[in-house]
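Got some structures for you, see below.
Shared chain: subunit A. Partners: subunit B in the first complex, subunit C in the second.
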Partner chain A sequence: IYINIIVPIYQLGNPQLRIFRPNWFLTLVRPGKEQPPDTAQFRVPMEMTKYDVKNYLEKIYNVPVGVVRTRIQFGSNKKRNHLNQKVKKPDYKVAYVQLAQGQTFTFPDVFPEKDQTPAEGSMEEMQNKFMEDEKQRQKLDPRRGGVTEWFGL
Partner chain B sequence: MAASSSVGRVLTLCRRFQNVCSLSSSIGTQRCAFSLTKYQGNLNSRSTSSQLLSCSTIFMPLGQHQSVHTTISRRGLEEFFDSPENWGESTVKSGAPWTAKQLRAKSNEDLHKLWYVLLKERNMLLTLEQEAKRQRVPMPSPERLRKVERSMTRLDTAVWERETALRLLQTGQEKGRPGAWRRNMFGQVYWYRFKEYAIPWHLNKRYKRKKFFTPSFVEPHVRLRIEKYLREKARKMNRQNRRLLKLKEKLPKSLSA
Partner chain C sequence: MASRCKLPLLFPKSLFKNLRFVHTEAAVTQPSYPPVVASLTAKSKSARLRQIDEQIQKICASPVEEKLSLITRIQRQKFVVYPQTFARNADRWYQHFTKTAYIPGLPEKFSVDSGEGSSPSPADQTEITGIDGDAFAEIRALVTRVILQEHCHMNKKRKPYVYKHQEQQMGPFLKNLVAELTYSLAKYNPLLLSSSLDFSPQVNFYWRRGQRIIPKGHRKGRLEPFRFQIDDSPHSQIRITQQLPQFNPMEASYTADVPLVPLAPNLMPLFRRQYDNHIFTGAKLPDPACYGHTQFHLVPDRYHRDRMLKQQQSDQVEVFLRANALASLFSWTGAQAAYQGFWSHEDVCRPFVSQAVITDGHFFSFFCYQLNTVALSVETDANNPRKNLLWGSQSQQLFQTVQDGEVLGLNDGVIKLLVQFLMNRP
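Moving on to the complex of A and B:
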């Protein structure tokens, strides 16, 4: 229902347009190029403007926003699939948001290495043990010193 | 900080919150403040409490304000990420999505707040998805994103139903957006939905180029199209009947009854 909504036109003197329950979703991305420490990079739907992004972050996320700069990234149409048809990667808008009040933002490491030892979960432990046993059975006689069975005797 | 963030997550989305503190007058409804609720149950760790469990909570009627004051979460850009305990996990537990039936039972204020809760969750999942693609690592439990999307569409339908009901009662209009049945230049009749313009239609050059009538040279093809449609329908019916007859011949008589 929210997809084919047409926004009422604005004419001079109209009241400020307000949107309840916005249908726009931002994606925070890790910057490809080095950015200044107070800049956060977002992928933003094409219909949003700089003021929209600013208001969105200020009202919903309570983030003090200074300046917002946007650009549209063209998604390539060059690649071809197995039928030799061109495959289009979708275009998207990128917003560079500079935070006010001297705040800094670094993109965190969301996938750190964690120890995968399943102590209590017996299912995973049993599975791992079983896999290791299987691998041990597949290995050759250690006394042959790495030589395969193909060589005689 | 991490503890408070996990508490914040749990409070907003967990099944056990019992009281909803209504928005205080200082916070206008314009501003999205999904207010944290006072969590009176035992605080579970994040892994056990499910995020998106449908809440069949008891909401206090607004007349009796409980003097529950909660702070608006001030985590800023941290809200684009999960709580740090879940970073690096391969699966994250989450509950069932909201059903339309449950959402119809909620008040408008609650739906408004829930929309923003779901919006923030969806933003977080989208950032996680993009980061997983960037790091070439599988995203932990991608079904959460689909659950949130479905919940949001169902919320939309619930609100739309309420709006149509209200509109019908107040004005008698069935549709929110005005329209008309019009015939296009192929002879097909369809529901044309009006669009808002700043100028009247007789000054609109592009609108006048659009023909809402069938030219005379197209009219014979309309009849041909109808004939084709009827022919296809007749053939389909015949095919079905012949198939039934054949089956009745083959199969024993007792089964055909």
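Moving on to the complex of A and C:
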């Protein structure tokens, strides 16, 4: 169940705020623009602050974090649907996390290019070969140099 | 007989006329039309190139004050480089911006002597030119006096509030130390007699390095250089009338390696602003003390060791010191070179040398900088093998503690290095 919880504001004299089971989830994303090698980019919930992100990564995932910078990305409200109503794309907060102790991070290639050649003796290979032979047969005589068959005897 | 040689029917007299001018030089004819060059006002690329060329020629041909005003005339968006920065790994970025190679350890002039002089006996202090054992003992006593003055004799009614400790305690301590050391060493180093000691001067420098393609706007797709500006105010500096000698010949810097950062500077994080471009050493142009000797920097509370330790960023302390020394000394030496008329299209013909001491009251770090090239913009850097050099030492404590009016653990090596730095002269 998702309940609307407001994190309590700190006032002088309050005990240190501790959150034991945070209901926040970070998303590691591929940076749109090239980032320095020690920087990782996350999409974080709007309620998290820089210090929250730092403590979250250090305590839960044991990642040595140097410094965190955040910004809020405005989701556009310009697009309109078929009823001419404005459709809002949701806003989200982006955190740039610089790792400590000289560690580097590059976003991995999640969709690597697969080798398209099919296995030996399989149906796909025979089909591909057949299609290629058909195409070759449709082509004109290369000695004609691209001239069409409309002319000639 | 007449038909044996192949002469034409009508014997031409011009045969002899042509032979007359064979051995004389061709007369130099004045061109009767002006040279064909690209237009100056057309809306074309060659016209733009010619305009830039004319501007460069104009700047090269003008006197120094006009040169400075022409270079810093146009205001554009530029990156403001702060020498004391919170950014991580700032020294790598700054090395790329200023084309500087970092060499750990001090140059041979200082390192040979400081390696032997770590024992506190005054007998082997004779390696410093002109300072013998008694004079060194005097200097030691002076330093102890200054430390005690600040730490126990000064009657401070209130403890400094948050983030004011360095400014209110270490600031005056460093000021007294620098002033007393300079004036007492003036009798051994005649250069210091005609030097000028400034407190919190302004040092500014403006330069261009690298370029980018403008991504959006009415100038989209065009090349734009990155502009940088340093506005620094060191705690104190000593300016002298003569140039310090070079530590290494310029050719030796060709092999040094400068870290190359292919990313845009704003990822550092570094922010852009637009305001007046300044190039200033600490005094105006007609001042005779136009060359730099030593700068002293104070580490503010925000970057103090203990605070970095609390944030688990102790490795960034050395990085911060190096970045500070690099940026401050580059801006100072660059401004000195600009005062002599060297700019990015007229490279320096002799290296400019300066020194810096960065301290937070207890830990002292020493840095030496040699400016070999100021030609950092895209056109001039294409075939420029010269690099600037920065030597730096590890931070050493001057004293351990002050107890009952006594200074414990006074480090002679640090005092020796300070004296050597101040005694440096051509």
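Everything that follows uses one rule, which is that the second predicted complex is superposed on the first by the 106 of 153 C-alpha atoms of A that agree within 3 Å, B and C clash if a C-alpha of one lies under 4 Å from a C-alpha of the other, contacts with A are read in each partner's own complex, and residues count from 1 in each chain.
The criterion applied here is as follows: a contact is a pair of C-beta atoms (placed from the backbone, for glycine too) under 8 Å apart; a residue touches a chain by one contact, two chains touch by 3 or more.
Keep in mind that this is a model prediction, so the values were computed, not measured.
Of the two partners subunit B and subunit C, more subunit A residues are in touch with B.
Once chain A of one complex is fitted onto chain A of the other, the partner contacts of A:Phe151 are absent, as it touches neither subunit B nor subunit C. Look at A:Asp38: by the touch rule set out above, it reaches subunit C but stays clear of subunit B.
By the touch criterion stated above, A:Gln101 is placed in contact with subunit C alone, subunit B being left untouched.
Once chain A of one complex is fitted onto chain A of the other, the partner contacts of A:Arg69 are limited to subunit C, with no touch recorded for subunit B. Legend: residue contacts after superposition of the two complexes on their common chain; A:Tyr51 is shown touching neither subunit B nor subunit C.
Across the complex, subunit C is touched by residues 34-36, 38-39, 66-67, 69, 98, 100-102 of subunit A.
On the side of subunit C, the complex with subunit A involves touching residues 86, 88-89, 261, 263, 267-269, 312-313, 315-316. Residues of subunit A that touch subunit B in their complex: 1-2, 6, 8-9, 11, 18, 20-22, 25-30, 40, 43, 59-63, 103, 105, 108-114.
Those residues of subunit B lying in contact with subunit A across their complex are 30-32, 72-74, 76-77, 79-82, 87-89, 112, 115-116, 119-120, 122-123, 126-132, 134-135, 137, 155-157, 159-160, 177, 195-198.
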